[in-house]
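Shared chain: chain A. Partners: chain B in the first complex, chain C in the second.
Right, the complex of A and B next:
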């Protein structure tokens, strides 16, 4: 970029300034060039759009059991066929996307927020506080996840409405890993001079953590977030598949897969379980590729 | 090493204690009487119920109930299953070997495939064979175990008829006979293959990168200069060095396999601890539920402990920390 400006003597200075981008802009450019990651992002965003706006356009009634149209194979009227209760599978897929993605995204948000707060406090303060916080984290990490989610869900079901029980339970049991990683990043980051400088001019700890250290740790947290999104979507589907997740009357991809536990459905009525199985796998694959892309884009050492 | 191990093992005790409190409180929050089953459900006489409650100690203060439960638990008295009408201990002893058998077979499968793929990829990085393996691992990471499980049952059990789709052994075979063991192996193979093949990704990736890194080191150059054959360099010199860090994965695998048992055993209707757990949730069989929750927490702790100890062996610096 050629920039002309007047200095105090009135001379025209022509500076040949090199293009300078902020690290975030560089990362964005790198990500946009990554074909696999961009394709995955488009797939994922379209799933989200379908989940948000899809139910506005569907015409089939899926709240009622319809004895007239049970187990119909795919046809023009029922694009993906109907399930053992005579409900349209395509419509249920659209509503299921809503549930599954809502659970995945909310759990991810909760997990990242809790994990970051715990990790930041422990890592920034160190010493006794760090010890206490990390023992709590160890404790949470030592629970066998599925077993405790199932037990907690049995207790809470009916007390908190619908999917929020599951969101709460999954989030409460999964923040440990994020907390550990954020803590170790904070531990190394706080040794830098800019933190010392901020401290010496009397900046409050909360501001140092939030405004100075957090942006430098953000890349790690973002990568963790994509990972958690995939993990929680799988967790929801797995739990619903076991019959211990989302209540049976709410369609979710896991609940739809639940029907495949019947060996007659599994053997002879493939159209019932293939769509949810495919949707889950494609979603996870897309999220993983997006995560890889972000990791790659935020890594200044990788040049593509 | 001894001091480090002792410190780690002692560190487990408070965690176990806390876990037991959590499990006990959760059981108390559950609808109904978690320690029940001894009360005859057909007798609805309130006096009888009150008498039994008093006798069984439900009216005692909560901490006394907790202490009684823990004391019994440590002595191996896990209570009585309401659904199966036998002591929980017998039920666990009946089911646990199945779960352990499945875990071991699937671990062996993971190791065999991960080593083969990791060595191949590490020796020929950036070839199409390597890319193919990387692609497989991506898909393996993305497909959840339950989806892989039902697809495997659909193809291998229903379409091809190669494997049974439920149970752990053919009905009517006498334990101890040759056929009995063959049948058990046959039943465990499909779930173990699924679990095993899904778990290769992290091993393969690690081994590949480590082999590539090691192949640039001086000891490899020395070996080459001496005229050692390429296959001997890779299979002896490099593999030995790359294997050491891998053993630390074992502990985490134990924890993952145990946590995952609930899902795998349900898909394949394989009568292990995981399936028993889910059955007891559905039937509100609290004594079984509590025992399995405790047992699985203990095994997870044990898995993490093993991981820590193996880390200590591999990297002596950790022992000092």
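Right, the complex of A and C next:
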């Protein structure tokens, strides 16, 4: 059984090597042809660019309460209007993108790093180490996410600076799923002949994991990464909406949505909460389409 | 993958909820308004009828004054219970179930009960019911929280400690007359005395320790009020029906339903007629005022907001406060901090204008409130604030835009605020910004609004992060401010200690203060002292707001609430 699968996998690998294009080049070609994914990528990249460079061009103060200009509807001076504290919504959106994307990207990085390391060690070694690592993963997966984040965030408040508390807490609670997937990929991958070959000439395990197996499971990890990016951005928005996410004085899309908890704002002052809500929705959709696109592109069996 | 879809679905759900709320709201408003205009002309009272009172937290279901804990249970008890005295519109105590005479030495009060007053179960009220209540609360097995209301009676402590079988200071003279003797002469002995009789026959045979959990209290309560409990659905509603033999006259309404709703749908519920009356918060008002069939009633209440400044620590063991922190010792600094805040603008911005700037901590509705002309007004004046700072030696030495203290050391304030309402973030930010503007560096304590229970613990434990802190307080109907501001008061969260302060507060409760004019004079002196010292920064007194459907009439609102004489409520349709 094991031998059979070894043979077929080995053949696929050899065939790919023989062609002119590397698998990465093929994937890129496929991705560029995927219209939805490309549009999404453009949208997402422009959001990132706005988040990074936008604050250099805005003139409004994002934290200052302005008694004279509260709840103004959109106008030439305030493109998206002002919120209940008299602050310009467009400017806050730009800064909010910074916070939300920073949280999303940092969490994603942490989650992928932790998840991959745990999954790789467990999957490659198997046996007892696998058992121990997977029980820890189960443990993390079993935490009631929302409740635990809110409690941890309350405990850590004042000890670690605002946004980073949240990043840390979300990351520490979300790597379980990634670890599982990476482990299962490692379990099947390590049975391949090239791993056997590497082992037989005495390559150190760390090198086998890093140099030989990891590139072969990279596609899975990349797809996971895009999904985690979307999940963490929504997690931030959800937590801030509940009032236990990013500190209130730092604008983020979730914090801006917080104001919609007031029924008057919700019903009569839609300009306050529609922009951040729309921004979150568009970003998440874009990231998910990009993720789907990458998955298609990296899947050798899809012929799109 | 699973988690992603969970988030997406929950986001979708949240959005659809918003949309649903918008839709249903608009539709019903159209219908309601039309219907309402017709009936507004014919405002004739109809017999009977049902009224719904909305509350935003669920009642606990403890329907006995000596045992209740939640404010909602108290609201229900206002309908079902009866008291020895009542508080009138001027917050003075008036005879209700009984009238009283005070002895020469001001130690003994003789109460004369009304005759013919009936309990809900048909029994007649006698002084024994009241005696039973007082004895129960002084019993060592009593596990409610209100022993302090009988503590002042002579011999109550002895009974509590198990040294006596009954309270020495209670003497039953006949079925309708009873004499109560107090341990020491205090002006507010009456205000601090328990005023609610308990149905002795109804509770017969139940041990004091089991009373709070008994069926007679929880599901089958018996009271003296205009309405009695008909059915209880935990977490959803409590239905009350009228008590025809009510001693002040038969109630006009048949039923009152106390219904639990979520605060976010409160306006919608008032709009579509599901709810007839409820307490509302300022940011609901703008929307409610647009509805033709809802009237928003406001009254100066007994609640106020202030910024506490920390002067020291509390020794919990010795129950004393010590002012051992020097940060706010400079009076000019405190004045500057007050001048820096545009209080009227904040009221307009965050309370929809429903508040009143004040300069002491006695709400103007109290008869002891000092006239504004006697007080320094501290109108918003950042320039003056800066001058005061400079004069007191707070100058920007190192050129960072913020002042240093007179010794040249960096000076900053850590300001704390609790989380909750959506306007709190802006409110906290506005205060921080005002102080930063005059050059006093201020930061939000812990970096975010603090969860309310945690915040209260931090205040009690003198947490270092709360150098200045936002406080809101409701005084109750007793005007005496000692509970919050006396030197060794537990709730003197700023730990402000001042000799003159205690002298005046004690004087106001002394024998001489039985003369009302003298008592007021002393309190005015105290307010002048507070107004000059500014040991905490007074911000505004709150207005109590009620949203009432116009079909409900006869509601009498005063500073203590909206439930005076509920037997006179009636509906017009």
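In this section, the second predicted complex is superposed on the first by the 285 of 304 C-alpha atoms of A that agree within 3 Å, B and C clash if a C-alpha of one lies under 4 Å from a C-alpha of the other, contacts with A are read in each partner's own complex, and residues count from 1 in each chain.
One rule holds for everything that comes next: a contact is a pair of C-beta atoms (placed from the backbone, for glycine too) under 8 Å apart; a residue touches a chain by one contact, two chains touch by 3 or more.
These numbers were taken from a predicted model, which means no experiment stands behind them.
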First (chain B), second (chain C), both or neither touched by A:238: both
Partner chain(s) touched by A:267 [first = chain B, second = chain C, both, neither]: both
Chain B versus chain C as contact partner of A:284, first or second or both or neither: both
First, second, both or neither for A:84, with chain B first and chain C second: second
Chain B versus chain C as contact partner of A:178, first or second or both or neither: neither
Partner chain in contact with A:208 - chain B first, chain C second, else both or neither: neither
Which superposed partner A:41 touches (first chain B, second chain C, both, neither): neither
Partner chain in contact with A:147 - chain B first, chain C second, else both or neither: first
Touching partner for A:227 - first (chain B), second (chain C), both, neither: second
Shared chain A contacts, counted only where both chain B and chain C touch the same residue: 145, 154, 230, 234, 237-238, 243, 260-261, 263, 266-267, 277, 280-281, 284, 288
List of chain A residues in touch with chain C within their complex: 63-65, 67, 70, 84-86, 145, 154, 157-158, 161-162, 174, 177, 227, 230-231, 234-235, 237-238, 243, 247-249, 258-268, 277, 280-281, 284, 288
Chain B residues within the chain A interface of the complex: 15, 18-19, 26, 29-31, 138-139, 141-147, 150-151, 153-154, 158, 165-166, 255, 258-260, 262-263, 266-267, 277-278, 281-282, 289, 292-293, 296-297, 299-301, 304
In the complex with chain A, residue positions of chain C that touch it: 1-4, 7-8, 10-11, 15, 18, 21-22, 25, 264-268, 283-284, 286-287, 342, 345-346, 348-349, 419, 422-423, 425-426, 428-430, 433, 444-451, 454, 465
Chain A residues within the chain B interface of the complex: 138-139, 141-148, 150-152, 154-155, 230, 234, 237-238, 241-244, 257, 260-261, 263, 266-267, 270, 273, 277, 280-281, 284-285, 288-289
